[in-house]
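Each of the two complexes below includes chain A, the first together with chain B, the second together with chain C.
Up next, the complex of A and B:
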């Protein structure tokens, strides 16, 4: 029984990081109705950023956070100009295809360079013991960092001028344009933030689990599940959805083979979409 | 329009001509290399044409069309290997089973609209692959090997390869005629209406959930048979090959390249893509970057030529619209 409890607590810690990843997806989704199918690959890019800085250059793992954040932002702005800008306002299926094609290129280049070998970043932090169980320090620190970043995003969206502009564009792009908000620039910055969040959460996941260049698909699916649980375009809901998913994962891991986890999550995704088309934790005007 | 009346239209005979040249050219020349290349082209045409039923007609993106191909392959190989079924019966059973599964699944997940459906098709691939990896009769992640004696009923390996090729061309022809027949039917009109505006279509009396599930199921039948053929031919199947996402990606690229919603364009796109791919695979520099090129091609089409090849041909030669569907 204690084992299950420990597994659930650990699941919640990891779930916070999933929530952070899903915030990146849902931010872009909510502001411009674009589903970013490069999301999974950007998560993996964060992992490889961590690997490059920590293992190859020998820097302490958590020092990789600022460069990954900035790199992710720049990658996101570039993504906006290449694949998203011409798609805003067109049928959502077109942006699905355009981000999908960018994803293909990134995955192709990645497999060309790194192959599909398993990578691992060693993070040795003292854990916290509870009876016979020890919660790894990396999991705790990753959860804390995820919560801090999520809180700063919330403050950014609600307290700063630029954040308010982002929310205004999400509510009504034409009206925002009319009151003098440079909407195109705001959209580009939003994609930048969305991708930066994906990258940072990837970097944090990289401190927890080994990864390959193809790990992105699984984490992307988790982000979709979390987004659907939390309500589309609702960053705070995404964090709660992440915790819910983590709880679920922690509760089923002791009983079910690992390869079925994704299947269960996918079934959950479809069921939730059919039962709650607006998301479980959604509330109107959350952005 | 009844099926018989279709035979009076020139396009019917254009398809027949394509099938005839696929059969006759390699056979009369006894050209094995050409046959292998055309077999892949026929496979691409089959996958892309059936994907086009969803993508081009109903406007639903299916990222996971490979599931039909892989499941069909598994069912066929399993029946041949474990129960010694003849190939023909295994192929048809595979097609019927996968099509029925798609109908059941479709009635559920097609309640999701637009982008959500597209996302859930990604999940279906994960789910089915996980199933195949854990299902012991299908050999788990190691897969199933067929013994070489399976080719004996077809007259030995050399002759069997020709027989399999002819069946594949038959499947390709059936895919083209299916695309054409659906496009000329009331059913097809309903699908095109769904693609334009699903709410309006529903209000005008198109039974949208049923039509969507039906076309999803119809688009599963022939790819499942093609999968059975493909894996019977290679005498080996494992989850990572059967559910290789790059093949459904390529089918998507092909359909967009040729022009979604057209029969000719998709076939033409598949043929051209296969030729291009054959060239890229043989040149050393590009063989690692096949996905990169597919991605770049798709991006260019989506950004600049949403109508694909046929969109271009239609706008340059408007009269072709009357002949080429």
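Up next, the complex of A and C:
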């Protein structure tokens, strides 16, 4: 029984980090109906940022957070001007294709430089033990940081002028423009934040697990599942979706053969889609 | 018009003069490599082995057979680590590039579809990248495997465990792919025959990212020995999470991933992890054909600027075995070379090479033996030591795994 509880707690800890990653994806979608297919690669970029700073330069791993956040933001703004700007308001397929092609280029360049070799960042933090089960310190800290960053995003969106402008553009771009909001700049900043969130979550995941240049696909898929669970375009819902997914994984694994976990997860996912087409945590005007 | 005839005649004359000389002096070997995609690291290692053999053979004047010397030419494509690409590309290698012989791609998943094409066109394919037995049980005539096949990967680990702790409780947790499943199915049977108790036997999806709940399940099963893994990041993540979550395994054997030097990046999580290996630098066989281990390792390092590992060594051996067969056959005719391969029974630096010749297993490797390597601390640095079989070991096994 203790084992089940341990698995659920561990699932929730990791789920918070998945949720943070999904927030980045859903923020961009919510504001401009663009699905960012470089999302997984941006997560991996965060991992490599962590590796470069922590392993190559010898800095403590968590000090990589501010540079990754800023680097991610700048990369996001650049991504906006290169691949998204001319696609806003066009059919979603256009932005899918443009971000997909950017993604192929980035993965190709990454494979050229690093190959698909394994990278690991050693984080030695004391964990917490519960009987024979241990929660690694890095998992606990990553979950706390993910929650703090998610809360900051919420405060930003609801309490600051710029945040309110982001929500206004999400709600109705023309109306926002009429009241004098520089919507193009707001869109660029939104993509910046979305990518920064992806990068930071990647950095946090990098403190938990080893990674390769191709790890992004798995986390991107997770982000999609979490986003749909949480309601597309709803950042807070994404965080809850992440927790729900982690909880599910933790709760299912002890009872069924491990290979069934994914099957059950996706069956539930389809059921959720049928019952709540807008996502479990969706509500009107969530942004 | 007259000039045109003259030109055509001249061209024909040149072609007639040039073609036989070219065809006789060069043999074309075709294969695909995974330059991109998840198999890139292992595949690149294997390709380095192939290329190193080609360079060495050509530098020595080529393969000598029937009074002629054949230079080796490679034609290769990127298969993107995707099984679906392999069949198109091998068809192209045979039909358009006129490959005389084929080498395998990397991994069981890619080799199996490639063998369908090689066999269909009656081309010899020598395999160093796919250890799964299935393609060898379908009556193929031109397929030969130089490495030990999947069902023997963990037999050394089971034997070693039986010696160190006959009461060991085993958790078998492995990736849901053909290679890993074949390896672990055999290991489960070998463990049962050895009287070891298997307390957990489960496969996970290759896309699993977090093994936390799985590790908790291993802890709940009261296992004290772990056998499993799959290909690359999954094996490394399992090792890391078993360490982070203090699963306290006394014995850990993981497939493939720990055979790569990068596995050492895991630091304390790598310590004590064992890996079945086709070949290690410490292995010392006396070769009847080709270089010794020391010669190979040094030349490989000098020319390829990379440390020799088992993928490089097995790739090189594929070339050596083909060369030996062609020289024995005295011809590059497929049937004659295949007959020579059937009769091959030689010791190389990689180990003994001999192929099964009965219809039910034709081409399977029957002589080569794997070793078990363990990550240990040597002079304050993590590195692999051969611990099994005991007469080949370079260091005693660490059992149980102790953190330092």
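Everything that follows uses one rule, which is that the second predicted complex is superposed on the first by the 263 of 287 C-alpha atoms of A that agree within 3 Å, B and C clash if a C-alpha of one lies under 4 Å from a C-alpha of the other, contacts with A are read in each partner's own complex, and residues count from 1 in each chain.
The rule is simple: contacts are C-beta pairs under 8 Å (C-beta built on N, C-alpha and C of every residue); 3 or more make two chains touch, one makes a residue touch a chain.
Only a predicted model underlies this, so the values are computations on that prediction, with no experimental measurement involved.
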{"item": "Chain B versus chain C as contact partner of A:111, first or second or both or neither", "value": "both"}
{"item": "Touched partner set for A:257, first chain B, second chain C, both or neither", "value": "both"}
{"item": "Partner chain(s) touched by A:184 [first = chain B, second = chain C, both, neither]", "value": "neither"}
{"item": "Partner chain(s) touched by A:211 [first = chain B, second = chain C, both, neither]", "value": "second"}
{"item": "First, second, both or neither for A:139, with chain B first and chain C second", "value": "second"}
{"item": "Contacts of A:100 with chain B and chain C, given as first, second, both or neither", "value": "first"}
{"item": "Intersection of chain A interface sets (partners chain B, chain C)", "value": "108, 111, 218, 221, 257, 259, 262"}
{"item": "Footprint of chain A on chain C - complex, ascending", "value": "36-41, 44, 173, 176, 202-205, 207-210, 212-214, 216-217, 219-220, 232-233, 236-237, 240-241, 244-246, 257, 260, 262-263, 265-268"}
{"item": "Residues of chain B defined as touching chain A within the complex", "value": "59, 61, 63, 108-109, 111-112, 114-116, 118-120, 122-124, 126-127, 130-131, 133-134, 245, 249, 252, 256, 288-299, 302-303, 306"}
{"item": "Interface residues, chain A side, partner chain C - complex", "value": "3, 6-7, 10-11, 14, 108, 111, 115-120, 122, 127, 129, 132-136, 138-139, 208-212, 214-215, 218-219, 221-222, 249-250, 253-254, 257-259, 261-262"}
{"item": "Chain B contact footprint on chain A (complex, rising order)", "value": "35, 82-83, 86-87, 92-94, 96-98, 100-105, 107-109, 111-112, 217-218, 220-221, 224, 257, 259-260, 262-263, 266-267, 269-270, 273-274"}
